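Next, two complexes with subunit A in common: one pairs it with subunit B, the other with subunit C.
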Partner chain A sequence: MEGQPATLARYLRRAVVLGVVAGLAAIYLVIVGIVPAFELRPLITGVLGLGLTVPVVAILVIAYHAGRTPNTWPAPTGGPLHRVVPPIVTGLIAGVGLGGLIVIEELFSPRDILPKLTPQTTNIIGLGFEYPFGPLAIIGLCTSLGVLAAILHVLEARARRALVIAVATVLTFGLVEPLLRVMLLQLGRSDLAAFLYQAGRHGLTPIAALTVFILVLLIGLVWQYRGERVRRRYERLPSARRTSVRYGSFALVGLILLVLPAIIGSFLSETIGTVGLYLLMGLGLNIVVGYAGLLDLGYVAFFAVGAYATALLTSPVSSLSWEMNFWIALPLVMVVAAITGIAIGAPVLRLRGDYLAIVTLGFGEIVRILLLSDWLRPWFGGAQGILSIPPPELLGIRFFGPQQLYYPILIAVILGAGVSWSLANSRVGRAWNAMREDEDVAEATGINTTRYKLLAFSTGAVFGCLAGAFFSIKIGSVFPHRLDLLVSITVLSLIILGGMGSIRGVIVGAFVLVGLPELLREFGEYRLLIYGAVLVSMMLVRPEGLLPSATRQRELHDEETDESQYLTQAETAIGGPGISGQPA
Partner chain B sequence: MRLRRPERLSWVGLTLLGLQIAVIAFVVVGSVLTIAEGLFSFSAWRDLFIFGIAQGSIYALIALGYTLVYGILFMINFAHGEVFMTGAFTAWFVGVALADSGILVDSPLIGVGLVLLVSMFTSMIVAVLLERIAYRPLRGAPRLVPLITAIGASLVLQYSVRGMYGAGVRAYPWGTVADLNGRVEILGVPILRSQLIVVVSAIVLMFALYWLVEKTRTGRAMRAVSEDKEVAALMGIDVDAVIMRTFAIGGLLAGAAAILYTFIFNQVAFSMGFLPGIKAFTAAVLGGIGNIVGAMLGGLVLGVLESVGPQLFLTGYGVPATNQLRDVIAFVMLVLVLIFRPYGLLGKKA
Partner chain C sequence: MPDASRDAAAPAAQPESGNLVEVRGLTKLYGGLQANKDIDFDIPWRGIVSLIGPNGAGKTTFFNQITGLDEPTHGTILFDGVSVVGLSPHEIAVLGIGRTYQNIRLFRDMTVLANVMVGRHVRLRSKWYEIILHLPWVKREEDATRQRARELLDLVGLSQKREEDLAKNLPYGDQRRLEVARALASDPKLLLLDEPTAGMNPGETQTMTAFIARLRRELGLTILLIEHDMKVVMGVSDYIAVLDHGEKISEGTPEQVRSDPKVIEAYLGKQATA
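Showing the complex of A and B:
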């Protein structure tokens, strides 16, 4: 196959296959219920809902892909036809698939086998047209998506990027409408809020969508074509000025973080608090998985230990009933956490990677079932858990409610990120790195792998327990039902989306995978489906994550080139011949 | 037990040794206390034991899927429990349709056989698709990458089914089939008919698999690939096709296990694959992963321990509601086996 010339016919064959894939993907999104459930969330009021957007974006991406030349193929011959025709073919076939689905519903209405394929659903994918015209409408839409993909191929790269960013911005503005609207109102910009979002209805108004699109497109075009100059001017600044610009932006971010709860109100502060807790856990698991390379699937165990330890120490109705102050209990909880980390870590030290993952999963489940059991009920309260955990007090301030609890969580997250960052860039971090890449070699170079593994486990445990402690005071009680495997999976998904070993990645992952579903209740049922899809597709397409750490990026992509460049340079430096041309 | 003298007596080794002794002491003391109390009659123990054998033979069938895949690819197919679930779930529609049309009552053999075939076929298709879409592109990637993919695939399968059909539990119409209900006496021991059918079918399937792996061309190719993929490829074996066939066989067995599971537990739900999957993996490791006879043995041992264990080990300590701790027994077994004997009962130490 590889040797064949890249004729148009070959592109078309591939386009047909991709079209079938796109069609099946779109049909799957419909029958699994994502399209009808997400359609309840309008992006542009009265024009476009999230439900239709999901398959539309999927088809667009696959159609665009149909016009690209795979790396293994020889350079295409002939004109631009191979970039223009395949996307249109792909779009058309995907459209026929969705149209066929409408026809099937109309003729057979297979409600028993496909309960989510209802007339309402076919009305969505038929763009609101009645039966014989609905399928035609969706075929037309998908074909025009193919045409759009073809146009994207013909455009210059910079213009394409500006266009994609503009569309993405409009969709994002529609998606985060609940957040933006509240922020604008709290900031006293009700005029702007009224322009962007119609009162009482979700989504951007069409006119606002158009305005945002044009504005962002113009800014994007200017930046794409003129931005290079600005960047160069910044780099030419004296280093003192550059530092002050950087500190200035830090100060601005800090200021925004400080006043955030006041701007976004109580409900959204609650959401941000949850994101913060997952962020903290993500930072902790990132140390265990990303830095040290130990896949821990039972991370929720530490979260549970933290929550229950806090509850036992502070709640007046717990079996201990010590009624400690939260701030005195917190260091104790952290000590307990470190010990738990070592206790769980020590027996599994000698296990290979995949067995370690399963054993930790086992630990997580054991902890949950024991907390739930009648046997330990006298201590942990069984299914009811432990109630009435008092809100923490410090210097006469009672941290009660999401808007106040935001601050201790923020401080914990900042501290956690700082600790995590400095660990990564220390001797310990380098030892973890070496251990992750090759345990035997690391051991041979004198790294005490036992000690460093335990250190990773206990550091990760402290982060997890801290998150658990804040969780318990946030909801004022603990019970075992929410402490299951799915918490571990959520945390794993967010560090894999962002990029293992990358702190920026954890932050982005937490906001996208925890913040967005909290904001948009329509996600609810499909949250774990999305996490699963994230795990699979990231591993298949981009294993280093969206925002990889610099080292990981190099490891996964430029390894060979770096090495050969280095060798060539070294050879040249000592006056010998280059490495190329010599038999290996 | 590990009688080999450790090279150096580190404190980690000591901890492990201590843990080992503690576990054995806990189990022995608990069993002695329970038996001394004499709360349960002999027939109660016997029924628990037979139930354990029945559920253990289901675990064994699922475990074969783990072990076959691990033997060839050295990866834990974490989504295998979901392969099991999709079979049972799809066949439920057929079962209900057959029950409505009366075929299930009139000719139970044909009805149950059809349900079984649908379940096996579905599981096979899902397993093969899983391999093709999620695992094949990752051949040769670091070991954790396919594991994470498998976890993701497991979530996607579970929550696709939930998305389509909701979280409710659905009951199989086995109550209407006379041959699946009541007891039969064998050597004077009354056994639930469903449990007997489960055990007999599982044994038949296991023999079929053993024959397939040991006596047929496909089986020989599978063994060759598991020995050395590159050399097998040089000998003219299509490695990708063999791997696909391995997944297909694992899927067929899981689909059959799923229907046997419904004979005993009589219900399906989107989450039904997780626990049997984990337990079957434990069974596979217990028997020595990659070892087919080991997986069968491991399944039976785990099934019996899980059924008898909570009462036998814990009642003596006065633990209330020991049945809540059934899954703890399974998970503790999982942890202990992986820590102390990761090469299994029949496997050799690597």
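Showing the complex of A and C:
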């Protein structure tokens, strides 16, 4: 297989397979109901709905992939045909698949087995055309997607990037309409809001979509072709000027972060707060999993401990009824957190990999079940949990409601990121990484692996407990049902999505995986399905995550080339005359 | 290795006489199998001592007991006057033992520089809370560590251009050098080299042999070597011990061992001369 020359025929065979994959994926999206459900949210009013966009983007990505040369193949011979023809073939086949679906609906109406395959649905994928023109329309659209993918291949890399960014920006503008419209209105720019978004409906107006597209494309092109010059000019600046530019941008970001809750309003502040809590947990779990390589699937246990500890200490109706001030309770909660981290870490010190994952998974469940149990009801309140946790007060300011709670969460996140970054780039972070790579050698190199494992667990625990503490004051009560396995999975997923061991990655992951679903609340039932799809495709296409740490990126992308290089070297070495595997 | 002109560190101030390592009656049982049988073994300060023997003779088991990976069934191991039996590997590493591995075991997905800096871990003092608080000496120590790591890369002959590469992407010979640099980073008194020339061609083997001699000369290290290549062993060692079936069957200078009939027999008639 590897040795075959990369002929056009070989590309075409692959394109056919990819086309079938793309077609099946698109059909799946239709028959599980994602397309009809998401179509209710228009991205560009009257032109494009979110429902159709999902398979369209999927087909486009796969068609583009059909024109790429896999790493394991030899360099292609001949002209640009191998980059142009396969994407079109893939698009065509995917289109035939979707067209066929319309035909099947028309001829058999298989509502009994495929309840979501309705005439309304086929009308969406038929682009509004009546049968028999609908199937032709979708085949035409998918083939055009193939052509678009082929064009992308032919374009210069910089132009391609600008074009992709422009399209992505338009789609994003449509998608975040609830967020953006509110922000514009709060800023008093109702004129701009009216220009961008159709009154009374979701989605961009067609004219706004076009404007945004052209603007972003132009900016993108200028940046792609001239950006290098700007960067060089910036680097030529004297270091004092550079520092002031940097501080200036920090100040700008800081200012935006400060006024954000006022601009986005209560509902979105609530969403941002939730993102912040997951971000905090992501930073914590990133230390345990990303840096130290300890796969912890029971991270929710720390979240629960933090939430309940806060509730016990501050709520007037808790069994302790100490009614502590939140800010006094917080350091106590952190101490409890560190102890819990050590308590959960100590028994699993000898476990590695899968075994560790299973046992921590168990710990997470044990904590939840204990909190729910009748046995501990006098302390934790069983299924009812602990109610009336008062909003925290500091110097006469009451942090009540999402717009005020935003600030303490923001500070916690910034401090958390700072702590995480400092540790990662120090002796401690190196020890964690070494432990992740090879525990025995790390130990023989002088790293007290027991101590560093416990340090990782308790640092992670403190982050998780902090998130739990803020969660409890945000909700005003705690109860076990919100503290299930799904929290652990979400946190782990956002790390994987963003990039293991990368702080920027955690931030992006939290916004994509926690923030975006909040904006798309109406599609909640598909949430887990989308998580799964996103994670699987990430593992296939970009296993290092969206914004990986530099090291990790090299780790995963050098593999193919360097492994073979290493092998040939080893082979020469072994074949060499100097080796004496046996005593001479 | 580069030419022996540059020196990265001054030789450690150490007593010139006496033994750094004294092993008495070392026995290791794995169930019924006697991997090491009542071995007495000394390594003098600044000596280069080799341990040879056929495969399965118990050489690596011996190594593992000195470094704490295995615990002896009977016997004592004194390192610089301290008993290391029962200590965990990281405590032994702190005492001043560095090692390399027969089948290279680098931290493969860390950079070249980070590998050496990890090696220095035991000599660093910054605590986690000091790091979080960004106390001034943390950065100073970190800079000094990076500086020292670069010197060591230089010493073993690795180009600084590759310091940000991942360890696993280095060519085979460079990976061996990096392992030595990592071991040296902890300022060890004793360096254990487990088949340092395995998988090398004659040219590389020769430079490695010269490098081992240079380590003692310039850094004042004491070296214990496991090696199969007789050319290396005979060329560089002051003293050789031969293990077979877990027992020490012979010891002495290279000449004495070379002509010992027991040794020749152990190697099944193969000449011990090379």
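To be clear about the criterion, the second predicted complex is superposed on the first by the 551 of 584 C-alpha atoms of A that agree within 3 Å, B and C clash if a C-alpha of one lies under 4 Å from a C-alpha of the other, contacts with A are read in each partner's own complex, and residues count from 1 in each chain.
Operating definition for what follows: contacts are C-beta pairs under 8 Å (C-beta built on N, C-alpha and C of every residue); 3 or more make two chains touch, one makes a residue touch a chain.
These numbers come from a predicted model, not from an experiment.
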*So, does A:Val441 touch the first partner subunit B, the second partner subunit C, both, or neither?*
second
*asked:* Contacts for A:Ile31 in the overlay, against subunit B (first) and subunit C (second): which applies, first, second, both or neither?
replied: first
*Considering only touches as defined above, state whether A:Asn433 meets subunit B (first), subunit C (second), both or neither.*
second
*Determine, under the contact definition given at the top, whether A:Leu455 touches first (subunit B), second (subunit C), both, or neither.*
second
*Return first, second, both or neither, reflecting whether A:Glu228 touches subunit B, subunit C, both chains, or no partner chain.*
neither
*Touching A:Ile369 in the superposition: subunit B (first), subunit C (second), both, neither?*
first
*For subunit A, which residues count as touching subunit B in their complex?*
28, 31-34, 112-116, 293, 295, 297, 346-355, 357-359, 361-363, 365-366, 369-370, 372-375, 450, 489, 492, 496, 525-526, 528-529, 531-537, 539-540, 543
*Would you mind writing out the residues of subunit B in touch with subunit A in their complex?*
10, 12, 15-16, 19, 75-76, 93, 134, 137-138, 141, 143-149, 151-160, 162-166, 278, 281, 285, 314, 319-321, 324-325, 327-328, 331-332, 334-335, 338-339, 342
*subunit A contact footprint on subunit C (complex, rising order)*: 52-55, 67-69, 88-90, 93-94, 99, 101, 105, 107-111, 114, 117-119, 121-122, 124, 126, 128, 131-132, 134, 138, 141-142, 145, 165-166, 168-169, 171-173, 182, 186, 198-205, 228-231, 267, 270-272, 274
*Could you please specify the touching residues of subunit A with respect to subunit C in the complex?*
419, 422-423, 426-428, 430-431, 433-434, 437-438, 440-449, 455, 459, 551-552, 554-555, 558, 562, 565-566, 569-570, 572-574, 576-584
